[in-house]
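Given below, in the form of structure tokens, are the structures.
Paired with chain B in one complex and with chain C in the other, chain A is shared by the two complexes that follow.
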Partner chain A sequence: MEKSLVINPDNCTGCLQCEMACSYENEGVFNPSKSRIKVFTFHQEGRFVPYTCTQCADAWCQQACPVDAISLNLVTGAKEVNESSCVGCKVCTISCPFGTINYNQSSGKVIKCDLCGGDPKCASACPTQAISYVDADQTGLDKMRKWATETDHASTNTPANA
Partner chain B sequence: MSWTGKLLRINLTSGEITTEALNDQWKKDYLGSRGLATKYLSEEIDPACDPLSIENKMIMATGPLTGTMAATGGRYVVVTKGPLTNCIACSNSGGFIGAEMKSAGWDMIIFEGKSPEPVYLYIENDKVELLPADEIWGTSVWNTDEWLHNKHQDPLLRIAAVGRPAENGCLYAGIVNDLHRAAGRSGVGTVMASKNLKAVAIRGTLGVGNLTDPEAFMKAVNEGKAVLADNPVTGQGLPAYGTQVLMNVINEIGALPTNNMKDVQFDGAHAISGEAMSEPRKSDGRPNLTTNAACFGCTIACGRISTIDQGHFSVKNKAKYWGNSGGLEYEAAWALGADNGVDDLDALTYVNFICNEDGFDPITFGATVAAAMEMFEAGDLTLEQTGGIEFKFGSAEALTQSVELVALGEGFGQDLALGSKRLCEKYGRPELSMTVKGQEFPAYDPRGIQGIGLNYATSNRGACHVRGYTVASEVLGIPEKTDPLTADGKPGLVKAFQDITASVDSSGLCLFTTFAWSLENIAPQLQGACGNEWTVDYLLEVGERIWNMEREFNLKAGITSADDTLPPRLREEAAKTGPAKGMVSQVEAMMPEYYQLRGWSEDGKPTDATLIRLGLKG
Partner chain C sequence: MQYIIVGAGPSGVIACETIRKLNQSAQITLITGQSEPPYSRMAIPYFLEEKITESGTHLRHNSEHFSSLGIIVINEKVNAIETSKNFVRLADGTELGYEKLLLATGAQAVSPPIDGIHLDNVHNCWTLEDARNIASKAVAGSSVVLMGAGFIGCIILESLLKRGVNLTIVEMGDRMVPRMMDDTAGGLLKSWCESKGVRILTSEQVTSINDADSSDQKPLKVNLKNSPALPADLVICATGVKSNIDFLKGSDIAFDQGIIVNEFLQTNIDNVYASGDVAQGLDFSDQSWHVQAIQPTAVEHGRIAAINMVQNNSCKHHGSINMNILDTMGLISTSFGQWMGIEGGQESILLDKKNFRYLNLQFKEDCLVGISSLGHTQNIGVVRGLIRGKVKLGAWKERLMKDPSRLMEAYLASL
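Entry: the complex of A and B
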């Protein structure tokens, strides 16, 4: 079963545990500046929003890469960067509409989320379930359940029944 | 190892910037952050110096767990000699700049001397520069933050800055980082401004690693996170209500100081409580609280993000304050609210915004206004002296006018900027200042919670709750319940809390973890990061060593056992209502046993045997 990361900004507190887990997994140090997932703070609105690659089925980055350094992991569905092929040309960073593939100054290659091979560390590090890893066909299930509850509540509290 | 092993020394007089290796022995003896920075300060300055003179130094320091994935590992401290207290000052802050400093490769930054012109320090990993700050001198923290982000075109820059009160000599100015987190107490911001240093702006991209045993570390971190999540205080109470979860609790047990500590219960407590912050306002239907927020790495997330009703008198036509910003925590809500008899939640939130915007301590500010209110009502302060402000208990208008005057350094704000001790002395009523060693009390009345009174009296930075938070035991039953109304056994409890706290503060973790964690949870994290020698027993020894080192600093600064006491009101005027009705603080009765347990002489000095046992004397 293919799984997807689901992000629920309502739950995010901006703690950056996800960024540390990501950088530790990939770089061996706690370093938010090298994280593949980023939490954005909208100060005036009081909102925190984690954002990362959604693993497009038909991926701009993959199509743009002139050296075929980005490939599909058939098990996880992730688009993964092959570091030995990547030449650091950054064309993928231009083609990606979401900005979720980025150049890493230290290595001279691009970096992006690879779902940690099917066990994304950001999701397990998140203390508030703002990031979860679920059945790719059911990413809207929690929102549907929430609205189903609302609908149910409304239907049992109509003026006629009151 | 987890320390970067490097510190920056910034000579502001000459502009010279040098790097040094961290003293290997001292980090073993004092761990990091509070302990290690205090060791450096003790070695480098004369404790008797004038805190606002060129002789004083100011140290920003992280701990070995700062910048790691350990839950709450984002803390840093500012250590200096404090101008409010003339004692050792150590103010601890969260937010993100501590971790950024560590990620830039620095355990500590030592500032010495005084710059001839206003400057700010810019750090991008090992690129470190002093740059001109003329354009931001004379402006607020929030303006400085915006200016620096624009100038460097870097939204990820982390900034700590001082506001106008610090520049104007307000004795309780703090250093605000990340817009609304603060090294808030004892006037550390006043010291920073006295050196013509406006801000520190940091971008760190090196990361924090160098762990002794990464696998053991991650295991201990994950176990620690699970304990925090499962604990009712850190897993539910603090995320939902923040520290404001305490307002109703402390009022019910009759330990909520009210109207400059004349009373111990406040009728308006619910209106300014954490629960009230979550209720829809009558005026606009929105709650005061928008969301909770975390500091770096924190899985508790007690921070409050709040708004003020746009129709509220304090922000009418001031669109700048209509968005979200850092909301009320318990100590601020108490000092601004109950201690002044003000139950207007939006007014308190506005005052709190201003304290963040211009960088001053809402506890000392609120308690100073309370002293002014008592003196005004008693006729010691006249309308002429206050510039026409009616300082009456319950007046939200007097409070909001006061905060603006202190921010701008104008009119009666110049008197309020002195803190209550000097204000009350100036107007002939020194006994009305609710302070120890010149610093105002936080939000727990020593008549209703006996142990905390002893902690206030003996705290090395003047009255303070976070040097030895016996409220955890006496009120919340953590780690075990003790009777708040009895003095029996409290000297030992106070000493234990003080020593453990010194250790936790020095690790880079947040003290709030100790609602759920004991040193049994913290030691494995430190061992994974720094090595197996960091056992529970050794951490207790380090904590006690730090406490005694701070005491030695204060003794050299001129503090005596006569300063280890509470104002007469708390020792002589009994609580009028609640469970503690009829009681006073028994601080004097507790003191001899406290000194004895500490291994101090009858006049409060560590004995030679104690100093030798702790390695503080050869």
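Entry: the complex of A and C
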């Protein structure tokens, strides 16, 4: 059974443990600005929303890549960036309608969530279960995935996690 | 079912793969028109700056990729199409029959008709062959004149500088990337480039190029309309492109600037489709039909055309959003959709000249219809989502009018 990240913003307290864990796991530093998951703050409402890639079935990033640098991990369902092939052209960053693949100026490559190979550190670091990693069919189709199909009627894939 | 795909750019390659995904038993033939394996023009700048070697430009890295999918690859050019008899004729005279045909022949560079444009050291920058020529001639210390500061000119600018050349850019328009940026952003980009030692002559034109006199130090003399001539080792011409439609003359496939297609990417001939830089496809923003000539559109077309070829026009194309991202020596700019604004629309602008940051949002009522930016990259893809989804921003429209930088919050609030 494939698993996926489920985000429940109502539980998020804005502690940023997820960003710390992510940047440490992937970049070797505790630096939220290098995290692949981002917590957005709605100041007026005092609300926090963690946000990252849903590994959508359409894989806009993968399709747009001109050099075959994004591939599907068949075990986790994650779309992963192959650092050695990525040329840093950034076309994936404008193609992903969720804005979840970003350019990292210091490496000259793009970065995105790869589910840490099946053990996402953001989920284990989250003290309030705002982020959890659970069996895919428990999550239901989240709104974002629904949106993905609405933005393009051309989907040839059945959702990878369905 | 016999499918022939003509053209092995991103559009043709995605199309072949999509057909295979949908039909395991189809016979698929990809005719590439080139001697190299399928490669990506977009990777050329990175080849020029030596970040990758030639194989790094290949669209698929595994050399067995196509054969493992049972796709037959033919490195020939198609010279003619006989739609009444359903065959294509290759340059070597071979005739190949099809049941469904996709034309994904892309575009080619065009040069202005000036004297000297065919001299040895004058090159376009469109094919891998062009790139090899440029790489061998744009050596450290050489003087290079780049004609055109449009998107292609700008995207190779950094790689030329990284090769250590002395670069002068000559642009006919009054600013850089006029089709992607307004005065403000184009002006900022120009001063950014000048601060990095690039000489940029806007509102200027190359009138002719000639071999220099023996007394000159440089082999070429580039004559300008309003300024003294420039000595050069190499001239790169990036003044425009046009769709590859010449081989259709004499066929009954209809074309204008590009091949005319409907919302299924089908041409006027039922079993012939077209996609990518050769297709005059639908623009999402104003629902007009034109050649966008960008990579995301080429792959979107390729995929949709393939679905329609296999599944009888079951997938309507709602139009592609024109979008670009450009990195000019560290200054990253983007443009999406109707970045230039629309009649009766509204705009919200954030400008920080000192730090080269700019964000210009364009609205139609409470929907975002376009943006242009300098120095904003985080989560930038949501712009596509917001435009494509015609997301009603409601109360967030007013907040964005006050502070365009809250785009990501507006997006999250809409989910």
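By our rule, the second predicted complex is superposed on the first by the 139 of 162 C-alpha atoms of A that agree within 3 Å, B and C clash if a C-alpha of one lies under 4 Å from a C-alpha of the other, contacts with A are read in each partner's own complex, and residues count from 1 in each chain.
Going forward, a contact is a pair of C-beta atoms (placed from the backbone, for glycine too) under 8 Å apart; a residue touches a chain by one contact, two chains touch by 3 or more.
This one's a predicted model, so the numbers in the text were calculated from it and none came from an experiment.
Chemist: For A:Ala125 in the superposed arrangement: first (chain B), second (chain C), both or neither?
Modeler: Only chain B is touched by A:Ala125; chain C is not.
Chemist: Check whether chain B or chain C contacts more residues of chain A in the superposed model.
Modeler: The partner with more contacted residues on chain A is C.
Chemist: With both complexes overlaid on chain A, does A:Glu27 touch chain B (first), chain C (second), both or neither?
Modeler: Only chain B; A:Glu27 stays clear of chain C.
Chemist: Answer with first, second, both or neither: which of chain B and chain C does A:Phe48 touch in the superposed model?
Modeler: first
Chemist: In the overlaid three-chain picture, which partner chain does A:Gly14 touch, first (chain B) or second (chain C), both, or neither?
Modeler: A:Gly14 contacts chain B only, not chain C.
Chemist: Would you sort A:Gln63 into first (chain B), second (chain C), both or neither based on which partner it touches?
Modeler: The second partner, chain C, only.
Chemist: Given the touch rule stated above, what does A:Asn73 touch, chain B (first), chain C (second), both, or neither?
Modeler: neither
Chemist: Going by the contact rule set out above, which residues of chain C touch chain A in the complex?
Modeler: Answer in residue numbers: 10, 14, 18, 21-22, 40-43, 45-46, 51-52, 56-61, 295-296, 299-300, 303-304, 307, 315-318, 323-325, 327, 330, 332, 334, 336, 377-385, 388-389, 408-409, 411-413, 415.
Chemist: What residues of chain A sit close enough to touch chain C in their complex?
Modeler: 38, 40, 42, 49, 51, 60, 63-64, 66-68, 85, 87-91, 93-103, 105, 108, 143-144, 147, 150-154, 156
Chemist: Which residues of chain B touch chain A in their complex?
Modeler: For this pair, the touching residues of chain B are 67-69, 71, 96, 99, 103, 156, 179, 204-209, 214, 218, 225, 228-229, 239, 290-299, 301, 303, 305-307, 323-325.
Chemist: Tell me, which parts of chain A touch chain B in their complex?
Modeler: Within the complex, chain A contacts chain B at residues 13-17, 20-21, 23-24, 27-34, 43-48, 125, 127-128.
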